[in-house]
Every structure is written in structure tokens, then in C-alpha cells.
Amino acid sequence: MSHASTTTMRGPAPAARRLVEILDGISVAMGKASSVLVLPMMCILVYEVVSRYFFNAPTIWAGDLALILYGIYFMVASPFCLKDGMHIRTDFLYNRWSTKTKGLVDTIIYVFLYLPTHVVFLEIGWKYFYKSFKQNESIVSSPWMPIIWPMKFAIPLSVFLMILQGLSETIKSYYAWRHGVFYWENNPHGGRSEEGDACEAQA
Amino acid sequence: MEMTFNEMLGMLSLVGLLLAFVSGFPISFTMMFIGLAFGYLGIGKLVFHLMNIQFYQVMSDPVLGAIPFFLFMGYILESAGLMDNLFHSIQKLLAPVPGSLYLAIILTATIFAAATGIVGSSITLLCMMAGPAMARSNYDIRMGAGAIAAGGTLGILIPPSIMLVVMGPLMGVPVTDLFAGAVIPGLLLSGIYIAYSLIRCFFQPQYGPPLAKELRAESMGALVVDLIKGVVPLILLIGATLGSILAGLATPTEASACGALGAFLLVVCYGKFKWENLKGAMYSTAKLSAMILIMIAASNFYGSVFSRLGGAGWLSNQLVSMSLPPMGMVILIMGLVFLLGWAMEWVPIVLIILPIMMPTVRALGIDPLWFAIVYAVTLQTSWLTPPVALSCYFIKGCLPHWQLSDIYRGMFQYIACQAVGIALILLFPSIVTWLPSIIGK
Amino acid sequence: AQYELKIQTAVPSSSMYFKTMERLGERIEKLSGGEIKVEVFADGAIVKAFEILDAVSDGIVNGGQAWTHYWSGKNPTGLLFAAPTAGLGKGLDQAALLSWAWEGDGHKLLNEYYQEVLGADVVAWMAMPMGPEPFGWFPKKFESMEELTKMKFRSPPGIPSESFREIGMPVVSMPGSEIVPAAQRGVIDAAEWISPGDDLYLGLADVWKHYYIQGLHQVDSIGDVYINKEWFESLPERLQFVIQESMKAAVADQINMNVSVNSAAIKKLVDEKGVQLHETPEDYYKAYMKATTKILDKYSEKDPFFKKVRASLEDWADLTVPYQVQVNGAYYKMGKTALESGAVK
């Protein structure tokens, strides 16, 4: 992991750096793991089409299985997306603000809105999953009727991961606010390369 | 004019959303926060359950499952440089025509619309295909974004259209009539977009410069070889993907999965397969799918809070209680639909507002088929108008270096095209009614 | 109004069942002297059909309408209340099922199902008898079981579709909104939806012209209406009674409407759309009823509550079928005689 090429600044405290590294690491690992699901999803659906048209033998499970994987797939990838600053922003004003202002606004929103609402979401999502798990609930709208709770589990799981990544983003924003510099390479501020260049120029 | 506390909250939430977007915080979360805040004031902690259910509904929607595969297909082809080839060759073919890329974008979008109707996947694939080519050819980002955004929304109008399927039973018009009625207006809009793009580029070639002389093909023969080697297999792949949906061989999600596998095989055949590229494509697909699908969930959630609070219903009830001549009423209804389209996608606007309007529409003796299409065309703009402008946000997600303000500006140009289309349908109802009347016999 | 009742239905607002729900709402408003204000929402307006129970139980809305078999993913017994397939293979008909609900153990068992088995915080009534649902729409008149079992058929999921598979029919399940487009693309060969009235609106007659009214997969069909229990119990007893009696009146409403709306729809389908009605061959009854019994046995073994409700319904069938078969036979023969003699056109 290469840090931003700002040699002039002191950088965040080692503990904060370490924490961000761990939190980002979890999101990236989970995101990469779930990104692989696209391959089995693809193979399952292709198998269904081939078996239906070339062997006249439609399966009853392919569509459902792909659907369950799809539900897990994008939810668990969301923290990865947040870490790379890909949840898009309305940037008209934002882009004109100084790094300090951006950091301040983001810190406030992460602390007072993002984290509390995600904690409540986690509680509700967990209950939603747990009820389904206890009933061993299956998908009724399908002839195969597979169990559904693995997919529902993706809600509390991904929200929990979103909280972890949110903590990391809070630290990053706080640092940007206090020091006027984006320290981390993939900052949460909508930017990859261009934004990074701008930061360095500012620093 | 009596208004309950919740109805007022609903209207205020819209103002809140507009203001909150100023903070520049990621849009998906902003929509969640505003929905939660105003929803909490209106219905208490239940609003969290509503959010949970809305997320689950997106997770369990098989139609949206096509989005990751279309993205994957795009990324695989892009990382091997094949996508770029495609639009580059089209441009070579039409080298002297200014704005030829817009033509290619809108034609592809129209074919896409006839095949799937999934706005998110249509837009993302178009961005992948046309983005690099437009940058290289110095095309205008604004117009390019507008063409992609507007072209992408054709999917909910041109049959098969989920929106018309939902509207049919609500209005008591057979879905088959609605499908027939939507064909000509859909093509008309597509034609207006093309006409606007080409005419503008003809007079102001800087918006879509023709290919520089030195970049054009040396001879017709060289061009043909180029096309056969670099483009025909790709066109066959995309054609087979969309064709299999059109022919009913596969659902859009299945076809998109086959298309992704096909893209993979194509890259292998060209000898351009690299593990690094595959990994990159998988990671980008996962992240962008998350961005798009979570945004759909968040906007559905905000829309459901807005409708649960009852503001939209209140507005519509005010409207139908006025006594107006039929044409005045239709124009006013469209104005309201356009307005509501700022805050919501088409689903609540159809499910909640249409039933309130229908008795009035019937009482005024307005042809429900014609009205349905006018309503549908107006609704199409809900994808384009901020603050909840999903089309524009999808583009921003795929092409992050494009400024959102540029995307908006481009999109407004095509909303104007949309207005021309609506005006024509209002003035000449037979644009809608002619085809169903032919088919009915 | 002092109380607000928001009811999320599982039907589009054009459906006659939506009208029944609106009438129910109006009745509750008037009988409560305006103390309860009722709002009825079309499918998907707040949540989609399959999320209604969770939504009512959590209190996102305080009322809901759907069919219990929508929840058979949570526990398979749901099917038995709303649509005991093929009359449980024992000939239990719609009128008998309704009498089980209101005079027998039905209501008690239904609420046990919701409150204890599913742990949902709702009170429910079997208030919307909408059966019998037609067999479905076909591209041609089928002459044999062999011809029938070759067609890709859109069926509701669960035990009805398992029974179709058991007799060898390839079944597909999809939401109502997808049936017509799927049919036009040839994804399915035949389909069922709800009732002549609702089928007419869906545009099925534009795709297929052969309509079989007599079917078994949902020959009994009763929708239920439920209300958040905590909210219901917070009402004064007088208003609880208003709601309860309004539910009962909805039953009468629905029965009357079924005959008028469906008859008018059939007339329109036949006269204007050129639809042909056919009687369902007897082979189908034998095969399908046998298949259903086999599937029901499988579930009885797996789930004790399923077994309990099935036993209660079977007792009711033993009690009522001998009488009902005579009654239904008289009506059938009387009507057929009138049709054949030309007394009815």
C-alpha cells in the first residue's frame, strides 16, 4: 500500500493510520471476494439457457440461485465502492470548497447522520434476517422454493461492513478537516487521480 | 386546501432533498438520510423497516440482475480495447459526418430499448462503449452525456416496457394497445434526438467534429478489412445478446450473462486475455454495480417515504378538484407529473398518482390510450430531472471524470427535445392512436 | 379522524378486489362515525405484494390484503387457508371452505398460523372469497392429457405448481405483469391469472382464445385481510366490532361481485374478443387430484401444523362434500339444461 507522495507533511498518528489500514483492508477483502461471485452467477445463467434450448431441459434452480448470489453480490461490494470514493456526489459546490471545508462537512455528516442511521439499520436488518432464519424461510414465488435467509443475511452483514468503512472515512475526513490535506491515496472525496493531483498541489 | 402534517412533511422533504444535495455527500446516502429524517417525523421508527424492505426489494429483483452482467461485458471488452474499436470504426465509416457518434449512440440506445427497457444497464453499456471514443474525438461532453441519458430512458417507453405493463391494468387499456401506441412516439423521440444532434453539429461542428482527414481510412478496402476484423464479431455478439431477448430466447438477465461470457470468449479469441484485466473487470463491475443498485434502492426508499407521507396524493387531489377543459387538465397533469418526477422514479408516480387522475380523465372524455402515452413520455423525464436524476448519476458513476454539472447541462438540451416530442403528440394524437387502430383490425 | 388505517393490497387498483377493499374501507369509515379514516393502496404503492405481511406486522402500514399462500415460504400451511389445492383432493368446495372459516375452526387456526407459527403481530380474517379461479388460457383446445402436458404453463408457485409438475406439465412462475409480454415472445405457451374480470384487464384474450374456467389448482381461493394486532387492540371494543363485522360484510360483497363482474367479463370475452370456453376433460381431474394428495402428504410429514390444519379441513370436507356435491350437481344440470334448450343465449 503506497501512501500519498506528500513528503512535506507529518501524516496522521500511527494508530489512526493502522486503524484505517485495517478497516479499508476488510472492505477491500470482502469486496474482492464478493466480486468473484459474478463468475458463478454468469455460469449458472448460461447453463440454464444452454440446457433449455439445446437439451430442452429447463432447470428450476438456476434463476433462483443466480438471484440469491446477485443480492449478496452488490450489497457486500458496497463498502469497497465507498472506500474507493465511487458512491457519487453532487459536486457543483463541493468541488469549489477547500479541502478543510470538505473534510469538515463530511466529518459532520459521517458522525451525525451516516453512523447513527447505519447502526439502526443494522439492528433492523439483523432482526429481519433472524426472523427469516428461524422460520427457515424459502422463496415462495419460485417452484424450487430455496431458502431465502442467506440473501437476507447480506443486509446486516453489508451494513456492518458499511459501519466499519464509515469509521475509516470519518477518520480520513477528520484528518482532511484538521490538516487541510487528503492523506490517503483513495480518498473518499470523489476523486481518483485528478483530485489527488489537486491535493498535492494544495499541500 | 386542508393539508395534514404528514402531507406537509412530504412536500418539505423535497425541499430538504434539494438543500441536502448541496452538501456534496454521496447521493445515495443523502437520499437515505432525508427519507429517514422526514419519515421519522411522520411515521416514527417504522421508517427504518421501510428502508430495509426497499433494499430487500432491489436485492430480490431478477430484472435488475442484468446490470452487473452488462457492466462486466463492457469492462471485459473495454480492457481489451475492443469497445473502443467498435465506435472508432463506426466513426471512420461516417467520417465526414459531423456528430456521427451521437447518431451511433442514439441508434444503439433505441435498439437497446427495444430489447430490454432496463435503463441502468442501457446507460452503463453506452457509457463504456462511447465514452472513450468521444474523448478521443474531442466531442462535447455535455451533448454526449445528454444523448446517452436521454437515449437510455427510451427503454421504459419503447416496448416491451415494464412501465406500460404496469399502467395498462390501472387505466383499463389492454397492454398490447399501449405497446402498439408507444412504438411511433418512441421512434419519434429517438428521431428528434438524432435530428437535434446532427443539425446542431452541422452548424457547430466543434460539438461533434468530423474525423480529421489524416485519421480517416486510407481506402474503402482498408476500412472493410478493418471492420470485418475488429468490429463484426463484436456487433454479432451485441446483436446476439439483444436479439435473443427480442426473440424471447432468454430473459434480459440470462441474455446479459451470455453476453458477458461471449465477451470473455471473444477477448480470448483475439488473444488479448490477461488475468490482470479480468481481475480489474471483476472489481470494477462489483463496485459500479454496488453504486448503481444501492442508488436505486435509496431512491426507491425516498420515493416510498414521499408517497407514504401523502404529499404527492395531496397535490394530485388539489389538481383534479379544479374544473378545467380537457386540454388544460392534460397539460396541468403533465406539469404535475414532471414536477413529481424531480423527486421520484416512475413507480410511485404511476401507482399512486394515476389512480387519482383516472376518474377525472374518464369524466372529461379523454382517450385513455392517448393519455397513457402522454403520461408515459412525461414520466420518462423523471430519470433525467434532478435532484433524483438516476440517468445522470449512472453516467457520472461510469465516467467519473465528467462533471455532474456538464451532464446536467447536456441533459437539459435533450429534455427540450422531449418537450418538442410531447408537443407533437399533444397536437397530433394520431401519432399514438394510428398504429393500435391498424393492428386492432 | 382519530385513527388512521392504511391498507396495502396485493392487487392493482383496476382489480375488482381493490374495489372490495375500497368498499371495506368506506364501510369502516361510516360505521365508525368517521373515527377511523381508511386509505387503500394498490400493489407496490408502499411495498410490494410479498412484503405486505412483514410491513403490517412491523406497522409500516397497519392493514394488508393478500393470500395466505404468499407466506408458504415461511410456513407451508399458508396454502391451506387461501387455496387448498384441488379441494385437498377431497372435493372441498369454495362455499364449504368459507363455512369452515366462519363457522368451523378456520378463523381460529388462521390466527394461530399468523400469531404463533409465523410470529406476526396481526389479526386476520378470511374476507375475500374469489374462487374458483379458472384453469387458464390456452392456444388451442387440448384433446388429451398428452397435449396438455406439453405446454409451458404459467402457474402460481407452491403446491399448485408442484402438482402440475407431478402430472408432467412444465411450469413457469412469473408476476402477472410479465405474463402478456412473455406470451408474446413465446416464453410460455399458456397461463392462468385470477378471474375472468381480472384476466380481461390483463389482456390475456389478445394472446390466447381458448379459456378453461374449470380448474383445480386454485378452485378454492379466499384472500385474507389483516390488521396490525397492536393497533387493533388499541381500539375501543366498539370499533374493533365495527372492523370485525365489516370484514364479514366484505365476504358478501365479494361473493355478489364475483358473479356480476365475472359473468359480464365472460360475455365480453366471448362476444367481443372471440374467446371460446371449453369444459375441462375428466382425465385432468383424476390426475391432478391424485398428484395433489401426494404433495400434501409430503408436507404433512414435514410440518406438524400443516398436518393439524389439513386434518381439520379434511374433517370439514367429510362433513360437507356429500351435501355440496348434490347441491352443485343440481345447479350444474339446471344451468346446462337451460343452455342446451336455448332458454339462455
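The chains carry the letters A, B and C, assigned in the order they are written, with residues numbered from 1 in each.
As a working rule, a contact is a pair of C-beta atoms (placed from the backbone, for glycine too) under 8 Å apart; a residue touches a chain by one contact, two chains touch by 3 or more.
Remember, predicted model here, so these are calculated numbers, not experimental data.
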Using each chain's Cα centroid, which is most distant from the centroid of chain A? C
Measuring from CA centroids, which chain ends up nearest the centre of the complete protein set? B
When the centre of a chain is set as the mean of its C-alpha atoms, what distance in Å lies between chain A and chain B? 25
Between chain B and chain C, tell me the centre distance in angstrom, where each centre is the average of that chain's C-alpha atoms. 37
Based only on mean CA positions, could you tell me how far chain A sits from chain C in angstrom? 42
Chain B residues counted as touching two or more neighbouring chains: 49, 56
Which parts of chain A, given as residue numbers and ranges, touch two or more other chains? 128, 139
Hunt down the residues of chain C that sit against at least two other chains at once, touch-wise. 54
Interfacial residue positions of chain A with respect to chain B in the complex: 31-32, 34-36, 38-39, 41-46, 48-49, 53, 63, 66-67, 70-71, 73-75, 77-78, 80-82, 84, 86-95, 97, 102, 105-106, 109, 113-114, 117, 120-121, 124-125, 128, 139, 151-152, 154-155, 190, 192, 194
Over in the complex, which chain B residues touch chain A? Could you list them? 21-30, 32-33, 36, 45, 48-49, 51-52, 55-56, 59-60, 62, 64-65, 68-69, 72, 249-250, 253-255, 257-258, 260-261, 282-283, 285-291, 293-295, 387, 393, 396-397, 400-401, 403-405
Given the complex, residues on chain C that touch chain B span 12-15, 41-48, 51, 54-55, 58-60, 177-178, 180-182, 184-187, 201-203, 206-207
Which stretch or stretches of chain A touch chain C in the complex? 58, 128, 131-132, 134-135, 137-143, 145, 148
How about chain B: which of its residues touch chain C in the complex? 43, 46, 49-50, 53-54, 56-57, 160, 162, 165-166, 168-172, 174-177, 246-248, 251, 304, 307-308, 347-348, 351-352, 355
